[in-house]
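Here the chain labels run A, B, C and D in written order, and each chain numbers its own residues starting at 1.
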Amino acid sequence: MATTVRAQLVGATGYGGLGILELLLGHPNFEVTALIARDDAGRRIDEVYPHLRGRCAMVVQAPDDAAIGTDCDVVIFATPDRVSQQYAADLTARGVRFIDYSGDFRFANTADYARYAERHPSISDTAHAAPGLLGSAVYGVSELNAGAIAEAPIVGNPGCFAVGIVLGLAPLYADGIVQDGMLIVDGLTGASGAGKKPAPVQHFSHLNDNVVPYRVLNHQHVVEAEFTLGRIGESTGATVDFIPHLLGTTRGILNTMHLTVTKATTRPALLERYRAFFAGHPFVRVLDEPPTLKGTLGSNYIDLSVFTAEGGRRVVVMSSIDNLMKGQSGSAMQNLNIMFGLPQTAGLDRGPLYP
Amino acid sequence: MATTVRAQLVGATGYGGLGILELLLGHPNFEVTALIARDDAGRRIDEVYPHLRGRCAMVVQAPDDAAIGTDCDVVIFATPDRVSQQYAADLTARGVRFIDYSGDFRFANTADYARYAERHPSISDTAHAAPGLLGSAVYGVSELNAGAIAEAPIVGNPGCFAVGIVLGLAPLYADGIVQDGMLIVDGLTGASGAGKKPAPVQHFSHLNDNVVPYRVLNHQHVVEAEFTLGRIGESTGATVDFIPHLLGTTRGILNTMHLTVTKATTRPALLERYRAFFAGHPFVRVLDEPPTLKGTLGSNYIDLSVFTAEGGRRVVVMSSIDNLMKGQSGSAMQNLNIMFGLPQTAGLDRGPLYP
Amino acid sequence: MATTVRAQLVGATGYGGLGILELLLGHPNFEVTALIARDDAGRRIDEVYPHLRGRCAMVVQAPDDAAIGTDCDVVIFATPDRVSQQYAADLTARGVRFIDYSGDFRFANTADYARYAERHPSISDTAHAAPGLLGSAVYGVSELNAGAIAEAPIVGNPGCFAVGIVLGLAPLYADGIVQDGMLIVDGLTGASGAGKKPAPVQHFSHLNDNVVPYRVLNHQHVVEAEFTLGRIGESTGATVDFIPHLLGTTRGILNTMHLTVTKATTRPALLERYRAFFAGHPFVRVLDEPPTLKGTLGSNYIDLSVFTAEGGRRVVVMSSIDNLMKGQSGSAMQNLNIMFGLPQTAGLDRGPLYP
Amino acid sequence: MATTVRAQLVGATGYGGLGILELLLGHPNFEVTALIARDDAGRRIDEVYPHLRGRCAMVVQAPDDAAIGTDCDVVIFATPDRVSQQYAADLTARGVRFIDYSGDFRFANTADYARYAERHPSISDTAHAAPGLLGSAVYGVSELNAGAIAEAPIVGNPGCFAVGIVLGLAPLYADGIVQDGMLIVDGLTGASGAGKKPAPVQHFSHLNDNVVPYRVLNHQHVVEAEFTLGRIGESTGATVDFIPHLLGTTRGILNTMHLTVTKATTRPALLERYRAFFAGHPFVRVLDEPPTLKGTLGSNYIDLSVFTAEGGRRVVVMSSIDNLMKGQSGSAMQNLNIMFGLPQTAGLDRGPLYP
């Protein structure tokens, strides 16, 4: 007999809300009970996004008019930072599970949350509104934490850059072979990661054919990557020098990551280790050639490859994801599947759009 | 009990072959029995297209090594012009149905075929190899010919520009209200319509940020559009002035079409007429606002809208499709569904990729 | 002995202001005496536009702090509609010539101005503030009005779409051979024509790879094209059905224009006529092949070609310009050269940027 | 009295030849005496490149028909590797100076040339045809070698990636403060660096919206960067881990470079050091913010910035150039100016094309 999970979506009109809405609409086991958002409240979602015509005609409700957490099995917060933490205590008390897209529940303690919040360009207050719940939230990198996600009352969906960094490096940190835990990452990202809000740097004439490095050595996702990599397997800590580069393309993140290993290795040995590490994980593909940005476009895959230099002491790892899928809504869908005992691939069996 | 249709794919390594392969892989009722192609024969398809890794590992067979039409219920020719007509007699004799992507079976008679072939830049011999079968082939615009397609031994899948023109104008030609049957079309197309073969005009540095008009007033798809529109409903013939413009984008065709009607009308009346004409057709969306190229990207939709000027005597119709979906493999999949008694939307319920 | 013209630039921080500033900086006979703008007043222009570093370090002055029309030979208004008309009486009284980028001085009478203003999306008051000066302003299509521009106290720089339409059709309207004066134009434009102000339709993720038709049959530049074409040579009036299409590219306008001629002609005859009509005009190139968008990028050229159909009764004209050059600042520079007795090409001898 | 340098251009029909031709056409002191190329010989250059219409109508001569080195003051080889070295002995013997775009004369000795040639994907024979002339050739990074270039019989124009790496790091290597000489570079490049020859990776539909890492840790320009940085100032050698990433854009190279310094420093100190190092060099701009790809588009500028981390021990340097200008023809023009005693900026005073 088919399960039906009833989901309420908060922050429904941003790109994050749109992404999970489309996945839920095509999922055999989910039903969307309410679309809630501050922007565009009162409008039909297919007026906000005309490409949804014929696919979904639900009307967006204002947060104040909607009973958040009522009449549903799960709440999905596709909202900015510091929204879900306001609702967390109430939802938890009522036994309603939720998943959150922001950094609100990615950290197990207030100190790490504060480190993250300090760096975040749009957070002013670094005190968490539900500190007592941080410990029961699970960080939603599905491949690393599936067991805990399955039971979690709260899942903190990971940041888009962090997904590519954490999964790309997990085997090496797990083995404790990254020298000084030190990592250099040049991240390339499409524009959609910044959402749909107009801004000068997102202006077409400015960004087209451009590359714009930003938040050099100061991006908030670094905290999350360091936090996660530093606690994995044999890892003794992680330090990440991270330079994000905004590209004139819509979707995708390609991270190129450089490190030194404590013991010389070879490319074949590393590829084998990666394939073993990710065996049984349907969305991780370890490639012989470098991953490309378009190789994962529109899908939930993460493509990885590994290279060596300097006699096997220097290692380069590259990862490619669709920032709105594996980097956001795809991971959320995968986590929701795990939370409700469904196959991880349910509703996500969509290949990359190529060419 | 579930139907399973066994399909053989010829021309598997071009963009057309790739498109239908991906649709078939995700279809609950189809099984691909062989991938056949001249290019890349002997290689795994996921080596030819690395984004297919983990999705399909079949090896491409050379045409000479493969038994075309054997061990299958249907053959799909995603091949250039003048390939399928060589196999047509044999397949038909053996009762094997097929669908063809080229112009080989789009015309009901040799005269119209010859008019088309003369204009085609890569056809030298305009004599058809299977003239006796033209009459039993059905032109595969699903919305117009579903009844005949259901029974057809041969389906001639339509040209990408023609789909957008024919469906965009069908209601007006059906009503016989286009003055002199005369139509002006400016067509805008992404690069992928020309396939994956490298060529100067397809070179990235040339095409990026460019618009390149080509085959001005001389494109072969015009013959097909004139042939079809001229035989529909009350139509008394059709003449199309068509200017294709190649854009620096990958996918999509947007046609802007201008005509004069014999009796003044209004925009609301036309929109109502269009909605009535296409009622019950799941892939046709008649919009209040102009369609956009990205509004159909990656999906099988055709988005239409209609505008009037000069007191309702002048009409502008716009249509948007993904040239590799509704303009090619999506239409083919829709036709295959019809041919085998499946719902038209089976395997095609994929929304546009936005943003 | 070298002339030096001292120019004051109002509206210096928009794309229009930037464009003329860069041309003036590279011009041997012009000196910029002041940069004036409401936005970014008080900042160095190379902080507003970092690519100007090392080229211009002038500080932008607020309009209220600057003495508009003082200490200069000419004022350039690269401002929105309805700005320069506020200053016109004062400047004219003081004998200061000016050129304006908006529609304020493109029309010889208030009735035509009102027709234009009514259609303009950001004009609410259609009464002109300096009606008495409309008659002494000259419409700045350099190739048509050089004589009058040379003496004009006021030049109304043309709209970007209008330049391509008017020059593309001038020979046919001049000869009075356009049937009913009726013209169909599909215009394709890069995003920069809408300026640098963030807006949803200009958002990178929305526009990239997209085509967005807008203001269908209702664009304000039509009024200007109809006004001009209708008064040229043997013309007996002009009616334009115009559909602008916004493309996912930064610069360029390609207009494809369709009409019927009253007497059958041939392509060679038309090409010859066009070449004769534009003989001696250094920025008009009449090509044998269709013009491309990138063929004029960054330059002041307008590329044209002409095609015929239906036995020479139907004509298609295509024009390509860089919307920020020949469509705006390049035309302004050309007009300023004419106004001050300099060669038309001075400061404009920059070829297209290809690839 | 004005100098006129008579230049012969070999390899005139590639992007490199096109670039220098356009600069020479706009230069007050150069005259092009012959266009020579294997491809398109016999055609007018404005047929090969229609955007040159009205700017240059010279006919391309086949190499066998042209007297290379005759009737000119300098020969410019915009040719692939191993062309100019065939002509070098003859030209030198006749006292004809030349500049070469390939790697033929970038190395002072045959051992380093061989290291480079071994890595080059299209060189099979690593023996140099004119080994005796390597010592008299000068490596053409204008900012480092202007004195020697002024007198050089042969100038080896630098590789596009190498320009951005070498100039970006020169101050640090000159000071001998790069730990172990070790450098990590992620290079992002537009497609035009690979020239105009159609190839699968250059196919529009493949590259648009894509990022394609290639020649991972194995690009031939590394040899040149290591060779140059290792011999500068206090440098004790250089090792470069270099990952080139091909972007879906036409022009530009942005290098992000990571290193550890032997003594902690600060960002302000580094910026000051860079500004002092490059004082008086008109094309080097040291910016407070990160350089962007479009900030140098179409110009000869190199934009640099520097950042620090880990208490000033880790340094990130970013450089942006137009790969066809400062990365190729712009540097060549700058070197030609130096060779003939002209101001470095002559013919190069063209600002970036923005937006």
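Rule of thumb we're sticking to: a residue touches a chain if its C-beta (ideal position, glycine included) is under 8 Å from a C-beta of that chain, and two chains touch if they have at least 3 such contacts.
All values reported here derive from a predicted model rather than from experimental measurement.
*Asks:* Please flag the chain sitting at the greatest distance from chain A, going by CA centroids.
*Replies:* Looking at centroid distances, C is the chain farthest away.
*Asks:* When I count C-beta pairs in contact, which pair ends up with more: C-D or A-C?
*Replies:* C-D
*Asks:* Could you state the distance in Å from the CA-based centre of chain B to that of chain C?
*Replies:* Measuring from centre to centre gives 40 Å for this pair.
*Asks:* Averaged over CA atoms, how far is the centre of chain C from the centre of chain D? Could you give it in whole Å?
*Replies:* 37
*Asks:* Between chain A and chain C, what's the gap in Å when you average each chain's C-alpha atoms?
*Replies:* Computed value for the inter-centroid distance: 46 Å.
*Asks:* What parts of chain C, by residue number, touch at least two of the other chains?
*Replies:* 15, 190, 192, 196, 205-206, 208-209, 248-251, 292, 294, 297, 355
*Asks:* Touching residues of chain A toward chain C in the complex: what are they?
*Replies:* 15, 190-192, 196, 198-200, 202-209, 248-250
*Asks:* Inside the complex, what are the residues of chain A that reach chain B?
*Replies:* It comes out as residues 15, 18, 22, 25-26, 49-55, 192, 196, 208-209, 250-251, 282, 285, 287, 289, 292, 294-298, 301, 303, 349-355.
*Asks:* Along chain C, where are the residues that touch chain B in the complex?
*Replies:* For this pair, the touching residues of chain C are 184, 186, 188, 190, 205-206, 208-214, 216-217, 239, 241, 243, 245, 247-252, 254, 256, 258, 290-294, 297, 307-310, 314, 316, 318, 320, 355.
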